[in-house]
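Please find the structures below.
Two complexes follow with subunit A in common, the first pairing it with subunit B and the second with subunit C.
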Partner chain A sequence: MKYMMFVSTDATAEPYDAAEDNIVEWVQDVDARGVHLMGERLRPAEDATTVRMRKGELVVTDGPFTESKEWIAGFDIIDCRDLDEAIEIASKHPMARFGQIELRPFWPLELDGV
Partner chain B sequence: MAPSQPDDAVARAVADAHREEWSRVVATLIRTTGDWDLAEEAVGEAFEKALRRWPADGIPTSPGGWLTTVARNHALDVLRRRTSEQSKYREVAIMRSLEGEADADVEPLAADDRLRLIFTCAHPALPLEARVALTLRTVAGLTTAEIARAFFVPEATMAQRLVRAKGKIRNAGIPYSTPSAEALPARLDGVLAVLYLVYNEGYGPSSGDAVLRVDLAAEAIRLTRLVVSLMPAESEARALLALMVLQHARRAARTRDGELVTLDEQDRALWNAAEVAEGLELLASAPGRGPYRVQAEIQAVHARAVDANATDWRRIADLYAEFARFSDSPFIALNHAISQGFADGPAIGLAELETLAASRRLEGYHLLPAAQAEFLTRAGREVDAAERYREAIALAPTTPERRHLERKLAGLPGAAGQNPTPV
Partner chain C sequence: MEYLMLITDEDDGGDAWVPQGADFGAWVADADASGVRIRGDRLRPHGEATIVRRRGGEVLVTDAPLSESKEWIAGYDILEADSLEAAIAVASRHPRARTGHITLHPVWPLDLDGDDHGDHDELNHEMEQGR
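Take a look at the complex of A and B:
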């Protein structure tokens, strides 16, 4: 199953400690296991741009679409056996400790009939 | 098989099979079909068929095997109908696995299947109330209507909760499996928490129609027994069973003429001696110092006291201090303060309770002023005690608890317990 891992900040998490950040080992591990399809770090919310079409008009605004203390700091796409394996993979990501991770299963569009 | 069974013997056999075999048959069907709804439907159909067929055919020597075969055949029929309507690869694959299993002996895997079922129902990715509902529906075999009544929610609400839970299992990829060795301790804690929640729901004073309400405490004990039998090496599961059994043993003494009777006033002759003995024996075979173990030991201290005055409160206070290390719940702090008061005298109890009251963590909870009233009475301060009882009465969440506190107030020596004369 494919899951999107939204890697987010979280004010309740322990403060970030660069010396304890094992992201390189994490990526090496998931790549070696063949469960990692892709992943990237994302620029912070202040660099976000939100796009809406309203009554046919394009509306472009500065910032993310939800105002919250937490912001998405990156993402990873994994393809693994089931939710338990996804939880295990996410739990070893450094941001599970310094932030939080949301797992969302892919919901493929069934376009066979089109 | 003995043909032509009397109807009541059949009804009993079906009820026994429902109690003992439901989870095993459902668990097997979920594994083979991968479809929770189909498994439930097929097992329901198998039990209905048993009611129709066993009177004429006789009760099978292995009711569980009979029910599994009938349920599997029903699932196959449903899948064949579905695939003839529109060919679906997935269902063809499931049918192959079901057909392949038709002659195989499923028994060796059955225990694993029930564990899979228990762990999946209590998966932390499901909302807590859904874990409880799913465990009662799928493992305990209660109907949706029974679960709805037990939790005082409309049946449609409960049905919706179960549909959503099964949807999440399917869509989020929650596996039908036991956890890895690495994840097991935390996941087992989750299973035990669901069982204890069910128990406590049944233990609390019911304000609903008791006749129509299933005995959740008894169901929780039955499910915990199953977990203990499937994982005999898990000490905390055993300790939880001990905890439940020791509390459950006191149920006949807990009410008198519909009124609540607290532990110190209970007639201990009414405690179920066999259950007390079982609880103590379970505890003796549950090593380790986990939170259920410590709570069960507290109940064991009560169980061993011949009367309330013989209670070893020093030991109970030590155990609450140990229990507080697992959780900073103010309810544990309250019990710790009360046991210290009984062990070391009302002055100590009042001081501890005052600290707790000052923290404001139990604001609005009736048992804090009730405990203060108890120690004030023991300290000879009846007027202050009466004031606290009135405070507790105003906060009491249920009628039996309010009436119990009113009796305590009325029982105060002197005129303290009388209502103040209106000016």
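Take a look at the complex of A and C:
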């Protein structure tokens, strides 16, 4: 099963400690297990661009659409056995401690059938 | 430049949704043909999300998003575009740009092989801002 892991900040998280950030080991582990399809850190939220089309007009705004205390700091796409394994993988990510991980199962579009 | 493009649905605010399934296929075919789209997919509804946190060494699992929201991420695409303008052009043609909104997040590559994998000053600042 494929999952999107949204790696987010969280106001209730433990303070970030660079010395405890084991992201290199986490990536090595998921790569070695063959469950990691890709992952990237993202620029801070203010570097995002929001795009909307309203009544045929293009509306482009800097930053995320809504003001939120939490923002997505990175993402990983994993392909694993089931939700239990996805939770186990997510729980070992350093940002599970310094933020939070949101697991979203894929829902493939069958574009050939539309 | 690589972007995570998030497709967000809204309960209100957008133009009325007219189901035109073929729109998605046309957008994907166009974005693939232009070489800009690397991959992408739809995600199960936000009520099926699982939140994973580790606090004080304990793993905490919550079944759904903690916040009640009138907007939710419905899918993603990875874009590799020559410029932000090129990414905006592709995003603006997505059917959901009319009924929801599209957010382009530039990636910030981690140098996992180097001694300094964190840009720690900037990352620390970012993390502090998030608290």
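For the reader, a short list of remarks on this structure follows.
The rule is short, and it goes like this: the second predicted complex is superposed on the first by the 112 of 114 C-alpha atoms of A that agree within 3 Å, B and C clash if a C-alpha of one lies under 4 Å from a C-alpha of the other, contacts with A are read in each partner's own complex, and residues count from 1 in each chain.
Note that in this section contacts are C-beta pairs under 8 Å (C-beta built on N, C-alpha and C of every residue); 3 or more make two chains touch, one makes a residue touch a chain.
Keep in mind it's a predicted model, so treat the numbers as computed, not measured.
In the superposition on chain A, A:W71 contacts subunit C only, with no contact to subunit B.
In the superposition on chain A, A:D21 makes contact with subunit C only, not with subunit B. In the superposition on chain A, contact of A:L58 is made with subunit C only, not with subunit B. Contacts of A:P105 after superposition: both subunit B and subunit C are touched. In the superposed model, A:D29 lies in contact with neither subunit B nor subunit C. Residue contacts after overlaying the shared chain place A:A86 against subunit B and subunit C alike. Residue by residue along subunit A, subunit B and subunit C are tallied for touches, and C comes out ahead. In the superposition on chain A, A:E40 makes contact with subunit C only, while subunit B stays out of contact range. In the superposed model, A:M1 makes contact with subunit B only, not with subunit C. Looking at subunit A, you'll find residues 83, 86-87, 103, 105, 107 touch subunit B in one structure and subunit C in the other.
Those residues of subunit A that touch subunit C in the complex are listed here as 2, 4, 6, 9-16, 18, 21, 23-24, 27, 38, 40-44, 47-55, 58, 60, 64-66, 69-73, 75, 83, 86-87, 90-91, 96-109, 111-112, 114. Residue ranges of subunit A in contact with subunit B, taken from their complex: 1, 3, 81-84, 86-88, 103, 105, 107.
Residue ranges on subunit C touching subunit A, taken from their complex, read 2, 4, 6, 8, 14-15, 21-22, 24-25, 28, 39, 41-46, 48-56, 59, 61, 65, 71, 73, 75-76, 78, 84, 87-88, 91-92, 97-98, 100-110, 112, 117-118, 120, 123-124, 126-131. Taken together, the subunit B residues at the contact with subunit A in this complex read 123, 125, 171-175, 177, 179-180, 182-183.
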